[in-house]
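You will see two complexes here that share chain A, one where it goes with chain B and one where it goes with chain C.
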Partner chain A sequence: MTEPITWTCTGCALLCEDIQVYIKDNRVEKVEHACLKGKARVYGCKHTAMSTVDQGEVDVNNAISQAAKILEKAKNPLLYGWSNSTSEAQVAGIELAQTLGACIDSTSSFCQGITINEIINGNVPSCTLEDVREKADVVVYWGADPMSSHPRHLSRYSYFPRGELRQRGYEEDRTAICIDVTQSRTAKISKGMFFSILPGGDAEFMRALMDGLAGRVPKLSYDFDVKRILELAAVLKKAEFGVIFAGLGLVYSIKEEFDLISEFMNTLNRFSNFFLIPMAGHFNMRGFNHNLHEETGYIHRVGFTKNGPVSSVEYSVVEQLKHGADAVMVVGSDPLASLPLSISRRLKDIPLILVDPCSNLTTRVADVTIPCGVSGIEVGGTAIRLDGKKMDISPLMQVDGLSDEMIVRRIMEEVS
Partner chain B sequence: MYSIDSYARFVTSLLRGYKMTSAMEIYQLLPKTNCKKCNESTCMAFAVALLSRTKQYTECPPLMEEDKYIDSRQKMEIILKPMEGAEETGLIIHEELCSGCGNCVVACPVNVANDPHGSGRGFGPTNEKVIFRVENGKVKAANVKECRRFGKDKILCRACIDPCPTEAIEFV
Partner chain C sequence: MALDVSKFIKAPEYDIKIITRRDVFQASACEEDRFSDECMELSALIVLDAAEMKRMGIQEGINVRLTSKWGSVVVRARVSPREEQKGLGFMINGLWVNALVPDETPDGIPAFKDIKAKITISKDKITGIQELLLL
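Coming up: the complex of A and B.
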């Protein structure tokens, strides 16, 4: 048996750094400790992307030149994706957007960006996953199902492990609470502490919970046992170190009145000690927000105008795809599969450049496809975990192809 | 007459239920004549022996030989099939259901005792003494004799069953 390599998994934003990979003849033989998502990531694409222009196979250099021509010609290009790229590639992407005077946005635009913004701006307290493992006694999964989205979340950090202050782990020292619209896999583990709410009823439940915390009788427009809310409020009040894992269910439900999150956290912290961690999906989604914030002061939806970088809804990928962008470069994403057709339909009408290691639905309509190495497998660098910790990612194997950073830098050389 | 679906449900309940209930279900398929040809004192005792896998259903001569028990024989085969892959402790891992989350790896008290700074802290196991470890995205069992359900002082431990979100781990 070959010697294993210790690898940081890029299957999801947990970035598990204890994975053991056995490699023989530049092929993965076995992977230990990784979940199914990690295993799928380490084994790579089923169908690798080909270098194409107008759906015809070409040399990669020609594809890059063609991409540069399209971006140079465009008046209002959009650079989108970035969550599956290393921080180095993201920084290169931001520089390219600056050079072109383009809009840049990532998948966080319709994901956890809004939560990460609150955390980066210091409106909501947050902590690291190591803190959660060592100290947390109450963990709340709100609108999140980590057992499906981040399979090792509970076993590595939040519920099952024994920590410095939680020596008896889940058995006695930790309480898992799940607030969701469906009885998810995570709800199954939290057993008696699962609170089933109505779809879109998160804000109402949050207000009721705040009433419960403040000692008032909670009121809900639908039939819900008030005693259970008071019971939940009592558990939250007693917490020594509590963490709320905000999932997409919560974010989508209260995005119109997002100030409620900071109000709720402030109320909670009057009685106990709570932190919020966003359940980011792609492995370096949070990295893009941090990198863009460092460069421009905004976390996403940025347009590089003559007056400098500006962030607003009109620069978001959704608005730009609906009307605005006259050329799009997608890096490491599949907008045709992940966005509603009403928004992504316009992609077939405007020039589309795709930089991706795998062949996907967007490949079929892309005018230019440039294959790149898989981040974390063939390309190394740094990434930021869902709690904001910077992690090093080393490549597993040697390949001859270009990384997404090299592709973006070569496009930049050709346009400038 | 039972349908295949009802048998599938029955097998599931057999796997997930307690031993006595399942033994009763097996008993219902036996001749119930207490003929003692299997060297057990009663058919009920034979049913319990089948469940604990100390005997095979083929050791019941009337069930195997007499035509009127053909149906029962076929049903018995269906019921006992899932138990074939069970470990000595009765452990069955349904790999097709496992998502490799590792909850069982961290929750198993034997894993924690044998690898406190690896499995006990949420990391992948750091030695070979553990029962559960995740390989290629699926949980694998080893050292089953260390399991608390094994041996003379066995207890009905459920530490790996309860944390499994997909019900991929079962004991028969």
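Coming up: the complex of A and C.
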């Protein structure tokens, strides 16, 4: 058998850099250390995308020209997706949006963008996954189920490993706490520290916990043993290095009063030493937020107007699909699979360009499809891990096709 | 010949709140092929509390129709391996649950974890991709 290549996995935003891949004749022969999601990413999709215009196969150059014509003609184009692209492709996409005076948004718009915004702007303290592995003694999975979303999270960083200050690992040195509406797979490890809350009840539970931390009697509007909240508060107070892993269960529940997160972290840090890490899903979702922030000061939902870049809910992908965009270019995403159908069905009524390695649901309604190499497999670059650490992504194999960055830059040349 | 009256009797409907979540098996199956039977089988299902299923007369593995203001789908009912809160159902993120998600997004974030729907036993087949996309 050939020598393995050490590879950084782009199956999720954990970006595990210890994957061993055996390649023979430019094909993946065997994969070691990867989880099920990582393996699926390495072996790739069964149906690759074709270069098409109006659902008919064309030369890729024709497809790129047609895409440029659609975007040039549009008065209010939307460039959307980007979370499965390298940072280099994202930067090219931001440049294209500036050139077109377009709106640009990513999947973070309805995912962890709101949390990442708080961290980038310094309102919530965060740390690296290496800090978690070496130092964390209390880990809280709040509305998060990494065993189902980021399968190697617990084994590589947050619970099972020995760390510099946690030589006895999960058996003695780490306490796992799970706060959720259901006893998830992750909650099974929390040994009596699972807290079942009502759907949408995260803010109320957080306030009760803050009461507990401050020595007041916690109050809840439903029947809950307040002694358990006081016990939880005591555990959090004693933590030497604590981490909250914020999942979408928490984010969606408190999105309307998100300042509560920083208030909670401030309260917690009056007594102990806590950090928060967002459970971003796609491998470079956070990269898009950092790259756009660097260029515009905003992390997502940006419109490049005559007066400069502006960010508001009006420029979010869902609002643009409902009332704004008159042409859409999707890069590395499948909005028909991931957005409410009541919103995404509008993609059938407006000119739609899809840049993606795979045939997906959105391919079925795209006016132009341009196949690109798979980021992290056939295309290299950089990405930002869910904790904000920049990572190099090396391609596993060489292919003749175009990367998404090259496609975006070719379109830019044609519209400039 | 005796008349089968059961087909004229409407199955009872129950209110349910649907919460989406992730699943590694579904994610990897759909990464490989979004049009595969495996992706559909792992996406087109709702997980319910055992006692709730009994109350609603829903057996493990039968088809149920979920209807919200925004759409209607037929999926398979599965019993949760643990006790769940009353009135909740869990679906994996994907096309089927997205047919039910409200289009109201005042803050730009759809209510993926707060979907109010009706559930009823159905004799229909699991809703297909073509039907959902209205192609």
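We take it that the second predicted complex is superposed on the first by the 416 of 416 C-alpha atoms of A that agree within 3 Å, B and C clash if a C-alpha of one lies under 4 Å from a C-alpha of the other, contacts with A are read in each partner's own complex, and residues count from 1 in each chain.
Assume a residue touches a chain if its C-beta (ideal position, glycine included) is under 8 Å from a C-beta of that chain, and two chains touch if they have at least 3 such contacts.
The structure displayed is predicted, hence computed values, not measured ones.
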Per-residue contact with chain A, leading partner among chain C and chain B: C
I'd like to know which partner A:Gln20 touches here: chain B for first, chain C for second, both or neither. first
Between chain B (first) and chain C (second), which, if any, makes contact with A:Leu36: first, second, both or neither? both
Is A:Tyr170 contacted by the first partner chain B, the second partner chain C, both or neither? first
Between chain B (first) and chain C (second), which, if any, makes contact with A:Pro151: first, second, both or neither? both
Who does A:Thr186 touch here: chain B (first), chain C (second), both, or neither? first
Return first, second, both or neither, reflecting whether A:Arg133 touches chain B, chain C, both chains, or no partner chain. first
Can A:Phe160 be said to touch chain B (first), chain C (second), both, or neither? first
Check whether A:Ser196 is in contact with chain B, with chain C, with both or with neither, and answer first, second, both or neither. second
Kindly list the residues of chain A that each of chain B and chain C touches, one partner per complex. 35-37, 39-40, 147-148, 151
Contacting residues of chain C [partner chain A, same complex]: 17, 19, 21-25, 27-36, 70-71, 80, 82-85, 88, 90, 93-95, 98-99, 101-103, 105-114, 129, 132-135
Report the residues of chain A in contact with chain C in the complex, numbered from low to high. 11, 35-37, 39-41, 43-47, 109-110, 114, 145, 147-149, 151, 181-184, 196, 198-200, 248-249, 252-253, 255-256, 281, 301, 313, 316-319, 322, 334, 336-345, 348, 358-361, 364-365
Using the touch rule from the top, collect the residues of chain B that touch chain A in their complex. 98-103, 105-107, 112, 116, 120-125, 133-138, 163, 165-166
Given the complex with chain B, which residues does chain A contribute to the contact? 18-20, 30-40, 133, 147-148, 151-152, 154-157, 160-163, 169-170, 185-186, 188-189
